[in-house]
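Please read through the structure below; I'll follow up with questions.
Chain lettering (A, B, C and D) follows the sequence in which the chains are written, and residue indices restart at 1 in each chain.
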Amino acid sequence: MGKIPCAILGATGMVGSRFVHALHDHPWFSIEILAGSEGSTGSTLRKASVAARDLHLPNSILDAVMVPPDPDAIVEAGIGVVFSSMPADVAGPIETRLAQAGVAVFSNAGSHRYDPHVPILVPEINPTHMGLLGEAESVFGGGFIICNSNCTTSGVVMAMAPLVKWGIEEVNIASYQALSGAGLKGPAAIDMMGNVLPHISGEEGKVRLETLKILGSFKDRDVHPAPFAVNATCVRVPTAHGHLLVLQARIRDELDEQDLRRALHNFTGVPQQLGLPTAPGKPIIARPEDDRPQPRLDLNAGGPGRAEGMAVTVGRLRVEGDRVRMVALVHNLMRGAAGGSVLNAELAHAYKYI
Amino acid sequence: MGKIPCAILGATGMVGSRFVHALHDHPWFSIEILAGSEGSTGSTLRKASVAARDLHLPNSILDAVMVPPDPDAIVEAGIGVVFSSMPADVAGPIETRLAQAGVAVFSNAGSHRYDPHVPILVPEINPTHMGLLGEAESVFGGGFIICNSNCTTSGVVMAMAPLVKWGIEEVNIASYQALSGAGLKGPAAIDMMGNVLPHISGEEGKVRLETLKILGSFKDRDVHPAPFAVNATCVRVPTAHGHLLVLQARIRDELDEQDLRRALHNFTGVPQQLGLPTAPGKPIIARPEDDRPQPRLDLNAGGPGRAEGMAVTVGRLRVEGDRVRMVALVHNLMRGAAGGSVLNAELAHAYKYI
Amino acid sequence: MGKIPCAILGATGMVGSRFVHALHDHPWFSIEILAGSEGSTGSTLRKASVAARDLHLPNSILDAVMVPPDPDAIVEAGIGVVFSSMPADVAGPIETRLAQAGVAVFSNAGSHRYDPHVPILVPEINPTHMGLLGEAESVFGGGFIICNSNCTTSGVVMAMAPLVKWGIEEVNIASYQALSGAGLKGPAAIDMMGNVLPHISGEEGKVRLETLKILGSFKDRDVHPAPFAVNATCVRVPTAHGHLLVLQARIRDELDEQDLRRALHNFTGVPQQLGLPTAPGKPIIARPEDDRPQPRLDLNAGGPGRAEGMAVTVGRLRVEGDRVRMVALVHNLMRGAAGGSVLNAELAHAYKYI
Amino acid sequence: MGKIPCAILGATGMVGSRFVHALHDHPWFSIEILAGSEGSTGSTLRKASVAARDLHLPNSILDAVMVPPDPDAIVEAGIGVVFSSMPADVAGPIETRLAQAGVAVFSNAGSHRYDPHVPILVPEINPTHMGLLGEAESVFGGGFIICNSNCTTSGVVMAMAPLVKWGIEEVNIASYQALSGAGLKGPAAIDMMGNVLPHISGEEGKVRLETLKILGSFKDRDVHPAPFAVNATCVRVPTAHGHLLVLQARIRDELDEQDLRRALHNFTGVPQQLGLPTAPGKPIIARPEDDRPQPRLDLNAGGPGRAEGMAVTVGRLRVEGDRVRMVALVHNLMRGAAGGSVLNAELAHAYKYI
């Protein structure tokens, strides 16, 4: 019924299966093509994807047959919208080829995040960054890449965005990252048994660069990165889903705890105004309890329904002098990955880019 | 053969059983009295203490019969040294009474940590704080309380002490605290399954006050708290033992990563000079690997032997401008509790206070 | 709208909160009274129940005020149906009093399971046992107690019921029981960290007696326990929900693996015929994969919707001589507790007992 | 000083690092060669072996350089004793070649366990099976392979051996197997989080065949497998080390619980009589408590010292008619792997085979 046909590339992984889940009954998009790695070609999603097993998908989609991620075949098939959760090492050239052929690519891969014409989009925060895509006439209908951020970054920017008006001068982060952030082949169980790992390769640099790009300002057809310092120490902990973040920001202008709570509670954006299908009613849930957020209790904030896992929960709000402290939780596979890109596509559709 | 007879009060708990383990074959002290709560009186340690079960203690000590924590009976029995790991709500008056009666009390309880004549002693860091006890003649032989710090604080101060010479201006901490820090009746397993809890009651205030007292300077017969800011967000994670700490300090004078590594690696103190029985060869182990420290691999640093769990392991050293960052791991029951107090008693003995 | 008003006694616990969840939007029942322990009286469910926090209940029910479990007040309020998940030590007399006053009691408590006029009902298996309640005229409209089984038993009997026709001569069980089966105050996290506990107090006797009563035959107005041997070794493992069971049965008549698979797959009962609201389409899901069932993947079998967690999943089917082996998984809080009792009430309503 | 030089093949894995640990300070053997896979050649053990990191080995052994597992080079180097924990797919021909060249091979690999001239040796149980090696003159000095059993089997046979005299007619096993049994590349943490896996590839067949061979009788120069039925369902649970087993045996002759307890408690064998270095004082620890054995508390039974993890702990002893039930725990890497093979070598040495 007039839905926009789309393809999912990298459909078998931890994020890919969430793309499938989010899109298989989407009101605006219909899945036409599922592509995986070479190894999965010709197999059904059911067989090819361990990750899909948890998600209670209908048989019709589990029985879909995987194809290779061939950009030309996708273009030939008349697909104008692609969601990509391919591994970074293969995503780059395929996404480029698709965009060049006029396809709108919504990507969870890191390959193009720092490209000059690619926004790292969080619709509540920086919709103006879509200006990076170029002149309207050249991109309307497709031919661009829009990235969502790294999963950890998505929690940082959502919790920090309401503070921008008081002037952020520095952000420090210690993370408690869930296992699903490492994908299907993450740490071995024996290594995580009663243990935490104080390093996640490449993550801290991504959090820094992406946070500054997302919270940067769009001027003169370019994004000017935010000018403050961002430092993260990223730690893997034995939780399944949901990255918890201990955040401390140094703020230029005076605010008190009441101001902070109100700013977080009242934060809203374009997705809420437009009522996008995957937008949570409130993008930030500010909880008053001392012992929240918790991965177990707050993972799916934003739901029930399509926006499950799309709200970031914050708690333990404290203001002391120029320091603001809080704890935030983001669903790393939803707001932090597949859900984020689906919301990006919804915004692009609402804005007539697709 | 000339060992100093001692009593352990609160012997059945998580920390108490570590006192028993550390002291049952100690070269200087001999356990004469084991006291528990009312409920355990008359029972053997084996029966009264679930915590002792893990520690492979000899039958002779497991068959010892528990007595009540009666200070007068202890004094009458001629015991001059007491190790206390009683709950805070009962420890206060009992420890006071013992000290008044001339007993040397080494306490893991929080009751007296902020008393003006009680040092929070970490022998490698602040041995001069023993001056708080008063004039030598009045305390030699007993009649005082020496506290060890809270378990989390013990890791903070050990990692920060080598930085004091460059001028610490601020310390920020995010903790990843193990379950044994909550005692035998800690969080229920169902609540910790794949979860973290972003609050530990009272902990953050303790870390702040104790860090400043321990790193304070002893002048004019008093401890002057260190003048910098300390902020902690304390989080419980599903590990058994070992508190991991993400630390960031702001430093006044310039230093580079090489300076930092050397300062941590070379840090040493009176216990090492005196060769105290429970002193680790190096109080700080600075590891070069990206993925260390880990609770699973570094918990028992300092050993093998009596000093197992007495060294703090640090890693992920980074210096950026005036910021120093690192990750530290402390064994919360050893350096952070029973082991710390035993080392305090060894120092007091070497200094002829007992 | 003509719904049957009911009360939930013991509403704040692990099972009680599942009763609330299953009944708050039930098509046939409406919750009128929520009762907890003395301590919770006057408090809202939100405050009184930690267990309710995970379940995403609407505010209207979370804001309901708890009353004491006073049977007379319940009767006076005109409540004819009570769901009970009170602790065994208080449930007994309260449930008796309610039944005497004409109330239909659906109980998860163990107090009355072996009473001569109380069936342990599993609607797919032994609906005829409702005959224990007595002559129709004396019980129609209320005045009886119907128990659901212990959580572990519920998985055993569901997996064994299809084998009855071949003659069961012996059942051996080794269980892998989840933490939620021990309630909110179950094992401490420190004791379950990388550990299993090879004993669950009282459980093995319950499994034996209840299995024989449920699989017994109703003749001459009485249940004659099944005549075979049942032996269980019950072990707690670190999973959150879902009891896994390794089952071995000795069978009198010959059958092969194909017979077994078919019998399990085709098993159905009165709830399916009547389309009861909480009945799963198939009460047993027989999976062909070697590595199923798993708690993580199969916990909610029967759903989505109201019957989530109401189907038992079986796998690893093997027949060797007179031995039948399989692995079964039951949701201990749903089919094994609250869901089971709700299904019992639905059957009682369909049969016009209420 | 007169120690027997030996090589360890497959030294970098989970079992190999235990070989290194058990042998690096052994009174009879000295490690001369450490061999790993192709990839590890030329690297130090420290670098090549993640598993060695946990074991607090001395620097001298951690700095040893790995060589390839070349049987000819080992023979040329004059090595007469080899411990093998290579993967099954490469172990077979290398072990054969070594034995043909006159080397005594003690293997944890499964490749040769069913060979007619290879015993699966458990020194307390079946020392007579060394007769399989052939005439004394042909094998004294080397030229044979002696296997230890699969890790799960080692617990089964130890717990069952004392029952042989009453006539075992059937053994049923449900296992709770630890992660280290799956090696360094075992299940991913995300798949084991609050989960159990009801299948371990190939394990159940091994348990059956090996149990029958080990408990078989040596007659006419051959081992005649024990004639009873063995059935196992093997399940992976989220513990680190230590396989727990729920065992049920059907017994021909009458015995009571007292007989059973005494038989287990008094069980002893040649290693105890000879005082072999790695022999535990008692090979079976029979615990009276309801809640034992537990992996956390009983893993290292047999120690402290060289025999840590070499005793099997049993508990929950029950006799009902002809059925005997118990729970057993075996350290899968020690008695169940490296420790078992080292004990085999000690017996071979005591018997002058090497």
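Points worth noting:
Throughout what follows, a contact is a pair of C-beta atoms (placed from the backbone, for glycine too) under 8 Å apart; a residue touches a chain by one contact, two chains touch by 3 or more.
A quick note: this is a predicted structure, and the numbers were derived from the prediction, not measured.
Looking at A-C and C-D side by side, the one with more C-beta contacts is C-D. Chain centres were defined as the mean of their Cα atoms; on that basis the chain farthest from chain D turns out to be A. Mean C-alpha positions place chain B and chain C at a centre distance of 49 Å.
Mean C-alpha positions place chain A and chain C at a centre distance of 41 Å. A separation of 43 Å divides the Cα centre of chain C from that of chain D.
Each of residues 191, 193-194, 238-240, 296 in chain A touches at least two other chains. Considering their complex, residues 53-54, 56, 193-194, 296-297, 300, 303-304 of chain B touch chain D.
Against chain B, the residues of chain C that register as touching in their complex are 179-180, 182, 184-194, 238-240. Chain C makes touch with chain D in their complex at residues 172, 174, 176, 191, 193-199, 201, 231, 233, 235, 237-240, 244, 246, 248, 290-296, 315-316, 320, 323, 325, 327.
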